[in-house]
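In this document, chain identifiers A, B, C, D and E correspond to the written order of the chains, with residue numbering beginning at 1 in each.
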Amino acid sequence: MAQLKQEIAHLPRFSPERLRIEARKEQRKARLLTLFIYTFLIVASLPIILGYGWLVLNSFSETLAYGVLPKGWTIKNFRFLWELPSRYYPDLWRTTWNTLLLAVGMTIIMILVATPTAYVISRMKFPGRNMMLAMTLILHSFPGVTLLISLYYVLRSLGLLNSIVGVFLVKAGLMLPLGIWIMKGFFDNISWDVEMSGLVDGATRMQTLYKIILPQVKPGIAAMAIFSFINGWSEYIYVITFIQKKESWTLSSYVNSIIGDFQFIDYGLLSATALFYILPVLLFFIFTQKYLMTVTVGGTKG
Amino acid sequence: AAAQEVITIRAWTVGPDTPAFYRAENLITAAERLNHILEVVGADIRVEVDADFWTDEWDSFRRRVILASEEGDPDVVPDILVSSHLDIPVWSSSGWLAPLDDYVQTYWESTYQDFFPHLWESVSFEGKIWGVPQDIEVRMVFYRKDHLRALGWTEDEINDLARKVEEKEFLLADLQALAKEMQAAGLVDYPIVHRPTSGPDFFQFVVAYGGDYYDPETNKLVIDKAALEATLQFFADNVKDGLTPSGMTTWPWPAVHRAIAEEGTAGMQITGGMWFWAEWQRDFGIPEEDLWENLTWSLIPAGSEKGRPNQLGHPLAYMVTSPSHHKDLAFLLITLASEVDLNTRHSLEAAKLAIRRSQTAFPRFLESEYLAEAAKLVPHQIFTAAHPAAGRYATVLHEAIGGVETGALTPTQAVDLVIQRMTQAAGDDLIIR
Amino acid sequence: MAAVVLKNITKAFGSVVAVDNISLEIPDGQVTALLGPSGCGKTTTLLMLAGIYQPTRGEIFFDEVMVNGIPPKLRNVGLVFQSYALYPHMTVFENIAFPLKLKKVPKDEIRQRVQDIAKVVQIDDLLQRKPAQISGGQQQRVALCRALVKNPDLLLLDEPLSNLDARLRIETRAEIKRIQQELGITTILVTHDQVEAVTMADQVAVMRNGVIQQYSSPEDLLLKPANMFVASFMGDPPMNLMEAELSSENGKSVFRCGSELKIPVPDAIAAALQSRRDREFILGVRPENLELLDEPHELAVPGTVFMVELLGRDKLVDFRFGEVALRALVPADVAVSQGEKKWIRPQAHRIHLFGKADRQAVPLAG
Amino acid sequence: MAAVVLKNITKAFGSVVAVDNISLEIPDGQVTALLGPSGCGKTTTLLMLAGIYQPTRGEIFFDEVMVNGIPPKLRNVGLVFQSYALYPHMTVFENIAFPLKLKKVPKDEIRQRVQDIAKVVQIDDLLQRKPAQISGGQQQRVALCRALVKNPDLLLLDEPLSNLDARLRIETRAEIKRIQQELGITTILVTHDQVEAVTMADQVAVMRNGVIQQYSSPEDLLLKPANMFVASFMGDPPMNLMEAELSSENGKSVFRCGSELKIPVPDAIAAALQSRRDREFILGVRPENLELLDEPHELAVPGTVFMVELLGRDKLVDFRFGEVALRALVPADVAVSQGEKKWIRPQAHRIHLFGKADRQAVPLAG
Amino acid sequence: MKRRGYGMIVLLLLPALLIILAFYVVPAVLTGTMSLTNMDHRLSWNFVGLDNYKAMLQDTILSRVFWNTLLYVFGTLLCFNVTFGLLLALATSYIAERQAERTSMFFRALWLLPRFTPPIVYGVIWLWILDPTRNGLLNGILNFFGGRPVSWISEYPMPVIILTNGVIGASFGMILFYSAITSISKEYTWAAEVDGAGWLQRIRYVTLPLIRWPLMFVTAYQTLSLLTSYEYILIITGGGPFYRTTVWSLYAYNEAFGGYYASYRFGYATALTLVLVLISMVASIIYWRVFRFREMMSEPKIEVI
């Protein structure tokens, strides 16, 4: 103790002068850091800002001079909202409806499948529990898109070709690993005491799941819903592969068709369609993003 | 009117170039005409066409056809398909198409005898006709006239270029020399550009260097090592001399079009297609006068004494699927859609050649100076091989060109690559010489 | 109400033995406390009684019925967690009503019963709030209501007071005690706080490392600790404990504690030890059982005051004898100050001795 | 070391005023406690001193230097959180070494200093463990080491003992006190536990709703509470408080408390109240200041024992007079049982009176 | 009792098991079988034994593709999906901490935008930015300053696909890291400040170690995602120039469907796919072990079912 006292005796002591100088230095450092961070964010985001800015400008202008500068304001690029680009396009609203069906269907399947699975993995005791989680990671290593042909055969034998249902089932299957990880993270964070309370209060395990656990993982379900909705909304390759009827098209096929074999360069129409396509998810996101920012992958903290 | 039975004929057609939409539209018009006749004769059936016009990519169109055909569901498989004649060997040998000889025979006198005879070759496979030629085009070289003028060429000299090419007075080496002049004069960024994507066009250079890619006798693909290497050397040299950008195979299509047609930052497009004329007007909004003012074209020049100048045609054809319940009607519609006036409006809109003799005398066709001019190249037409692996061959050749252009491969190595890949793909159906 | 019996209960989690072969008989209608330091297996025992954990070995009986394997919902126990474990998404009303809802009690009756029980603990004006909107003390009462509303046969309380501040703790202690007495529910109270155990329970089981150390009335825990652990665990401030060697000096028996302290042995104790062979013990005496005298006394030890600490209404007086410390607790108004010389006399019948090897209490007459 | 002065400090979070215009002078080298119920603004005050929160209004001085706006890293304070906030991914050694590492102290010196300080609190054999692998008490000492190792000018302790069990609490209390005294560091201790405040601090500031109620020595808090809140908050068991009307009966002054209790007024108090106009007060007397007599006495009130509760070494004896309860605390060995009749006598100089309206202490002579 | 309990587990797992069976197990078996055939556009099952695997050994392009894949996967992962995602999360949480919650949200939404955008549109945006003529953004800017247009895609093919994929990939890490960072107990932050840590030191010594689970998860999960992704490469470079950006999955895709005249070598393509599955599975097992993901599983406390 005495030694300790001696040791600390020669350390620099509290001095107003030093304090003031250092405080000023710290303040300058803090201001620089803030400046640096904003600069970083803005510079790093430039491609996105410019790219999407171009998209917006394009959609409201007649042409772009030098491909960059918009000339002549117009809303004619949005004419697809009230007329078909040609008679070979399916109805826009029907296509939109199909897209919605796909995205919502996939979201629902994800919730119905990933939630109970994650619950079991997170909170039930049974042999092979670790295996299950390991397996979800391994499942993710299946390159879904290159299994295209096999999936085609599977859907064919299930009689699900040419239906949105088939597509969203496949999509949900491929997103399952992510859904399980996200939901597991949320289930992990629920207090065991609360679930035990439910049991003691006379609930079965199933009842605790419905009445006590699920209401508490709503943010998780919301987060997962956002992920799957967005994923389903922008799906292209499965739609175009498993759905041959144009009536069952979704917006992605619509946009692809407008862009064509990269030979079509009506950027105005393209941008307008793309905007129309992005807007719903963007709105959806803005209203739900607070849930997205609560996603954890679980595990005990620390 | 009495109770009518309405028969729906479904057709899948493909652009993907948007001006080609009459491939679908003509069927619809044909149905209207047919219905008119049916009404006049008091028949109690009517025909309705449910037509699809694909503007997404070729590969997704083909995938769609293949998967639908494999599924074989008559509710999904269309009655009529429009696709490349190259698909005929593949699809017919899979049993997805109906042979059309009898039908063609039926309407021979009224219609089909009028078709240019050589077109039937392109739609035949193993002795049967599987398709009705729908259009045909010319693939040639486009030159910027303004640059030629800037190099001091007179109008006469410019107008004489096509002839010089045809008569082998202007070879690929001269084309390279011309490119270097443009380059030196600072007129262009890159004097020579070509299509970025794979396509049959590149076989033209093999022919230009005196080689061959297909042996119709044995129905086998041919790899002519010397001509192939010369072709690859040509592309390699262009890049080495800075005439072609080394990443040409990664350019987006619109950039190529703009460079040659709109801005003139390129001097020559050596894998041009005559239908570009339509796209440039319709999609890029360039007035036709400007095109006339700035562009001229020729055959692909010969590369060597042995070689020959040429242009390639890649016919598209109407096909009837084998599961179709209404093959007769489908074919009737195809026949009606191939009427001179209908096919001509397609030719005009999409800038394609005539497929019928009488078309060339058809007033509206004659009105088009462009079509008339382009049609002059027809005698030098070559076709893509009618072999199931021909598509693969085109892809491999394009790869090899990409390889030499980026410097990843020497022309010799590239030839080896082509041989290796084609041996894998075609097996015994390959002659290497 | 139910009498509960645990027979040779062991609970192991993998290689960790949380509860080690314990047997207990818990009488009907009384409060029994499980007392012990953190990690000693109290909660584990409780959760076995609730049916959440299955014992690894042994049997649990409710009123002579073996309940091993019977799921919690059939056991009719009420459980209050240390964390309260209120359902965060339900209002206070819904929380309390939950067990009744599961039993399909009619709505009107639920409302009536919830309101009645809420009135008892004075939270009837909070029923529409969510748990996050009420204070810790109120949450505690909600948890209690939820456990009581279904008329459980057995009430289990897991450290029910540890989250409350001193004042609330005292009030709630009385409250629980009152309700328990009124309803006469068999109650098991888990705590690490000896004051809580002693004031609330009719009998206390002291646990350590999964083993029961002593099971007796609160008084006996203080007055007759069965072993050194219980002796040291009970009492605040803690008992003075030191190694002591019985020897004799000038014909008198003394305990030699370290090099500087010699405590005279009262005759009764000397007599009781006569029959024992071992001479080395642990001697324990509680600070409140040390009297401070101003004058010498036959059974007293002289010492100089090392430090004085005021503990509310008492004073803790610290003496040092070499490495051995003796602390005495005296009323705050006793005048004593640092450096002063005092005579310290342990109350004879409050001296505890433990075997040096086995640390078990040495029986002393009386 | 530093003397700390808070001048009219206010801290508001949005519309919530957590700390409301407080002023304090904290002397150099001493221990000052901030005591108050949950949510009264203690932690907020502490965090302002550490520099983590900026005061909304007012100024903080360290040794006459205004430190508002100076970031925590320059203030050289040591802070021990209630939850300890040990970095879970670092070993004990790394936790303690962290502040030194940030100061770029050479490695050898770091090792030396960490070992020295760890030895002081006896955790030198735990240095390689992770926080999750040591007990709460040990974690607490690690947190203390981390705060002390950089030789802070000011040591801030936020409820440092609340997570410990009774026994550990007592030991750690002594430990902290000893270290503080030896190093002479100005220390501010935040607690809601009055025993902790009273035993450890040289002076105590009692807070409530962000306002300081009384700032004085621990003795004065108990003996001279400034208002009713302090009186009721301090002391365990809590002070008996009841409305009392000064009136006279048979020529003697009495306090009428409710309908059934009349407490005779000692003369000194009667004299002190003479000058006041108001007759209604709150009367307070601590349970330990009520004597139980077996016989009548002039200043005693007769009553029947309603309930007896054993609190360790004391007994709490509960009397009821209608709606008014009186609790007396007597040593455990005093014989008293339910239903017995006793005379209760408040110690005259331990009676507290508060104005009925303002709840401020009424000055009584002495 | 026990049996009834497992019944519930089976019931809850059933949907997932069915989906896994239908969309993973069966296709995997089919793919395995298909890889033993020379299936082409005719979709007929002609068994040719291990020919496809032998062909793979002779495929001279494949080694190039393999190295491309490694470069692409780890380049994108390390530069963007983890590192850049982390930087974004740190930067936006720094801003949010300083009462600019809305600005922070704006940037986060901005970075999620590419993820919401249909791939083709996203591709078109980049094709515009990188256009080799003056009509592109970059070349337009270069031109403004008098530079010659650069053919970005062919000159820097690998950086281009890493960048374009990374801009999308970063948002996944950003979301997970951001929520992990904001859920770190404030007391650790305060303790570090009092201990004398600046922002960077706090990140280095406190934040990063505390978000190690998300860091490891994103690393593992995104490795696998990248191994199997090719969509954006297909759109932006098509795998060129001359295979310089062809990754394994794109190669398999091209063998099956790609090109002006698709190859339709389904037998060979599925054999390639299967090898990719094996590679990814090995990767996922390695990650599972090395990152000790097992420790993310805490033992369930309730023993009744």
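Remarks
Keep this in mind: contacts are C-beta pairs under 8 Å (C-beta built on N, C-alpha and C of every residue); 3 or more make two chains touch, one makes a residue touch a chain.
Note that this is a predicted model, so its numbers are computed, not measured.
Chains touching both chain C and chain E: A, D.
Using CA-based centroids throughout, the chain positioned farthest away from chain C is B. When chain pairs are compared by their number of contacting C-beta pairs, A-E comes first. When chain centres are set by their Cα atoms, the one at the greatest distance from chain D is B.
Ranked by how close its mean Cα position lies to the mean of all protein Cα atoms, the top chain is A. Inter-chain centre distance (chain B to chain C, centres taken as mean C-alpha positions): 94 Å. Inter-chain centre distance (chain B to chain E, centres taken as mean C-alpha positions): 38 Å.
Taking the mean of the C-alpha atoms as each chain's centre, chain A and chain B sit 42 Å apart.
Multi-chain contact residues of chain D (touching two or more other chains): 71, 73, 88-89. The set of chain E residues that touch two or more partner chains comprises 131, 134-136, 198, 210, 257, 299, 301-304. Residue positions of chain A touching 2 or more other chains: 30, 196, 199, 256, 259, 301-302. Chains touching one another, given as pairs, are A-B, A-C, A-D, A-E, B-E, C-D, C-E, D-E. Only residues 37-38, 135-136, 165-167, 170, 174, 192-195, 198-199, 218-219, 222, 232-233, 235-238, 288, 309-313 of chain D touch chain C when the two sit together in their complex.
If you check the complex, the residues on chain E that touch chain B are 41-43, 55, 58, 60-61, 127, 131-136, 148-149, 151, 153-155, 157, 237-238, 240-244, 257-265. Chain contact summary for the complex, chain C toward chain E: residues 13, 51-54, 69, 71-72.
Interface of chain E with chain D (complex): residues 185, 187-188, 190-198, 201, 205-206, 209-210, 212. Across the interface of their complex, chain A is touched by residues 1-2, 62-65, 67, 69-71, 73-74, 76, 88-89, 112-113, 116-117, 120, 132, 151, 153, 182-183 of chain D.
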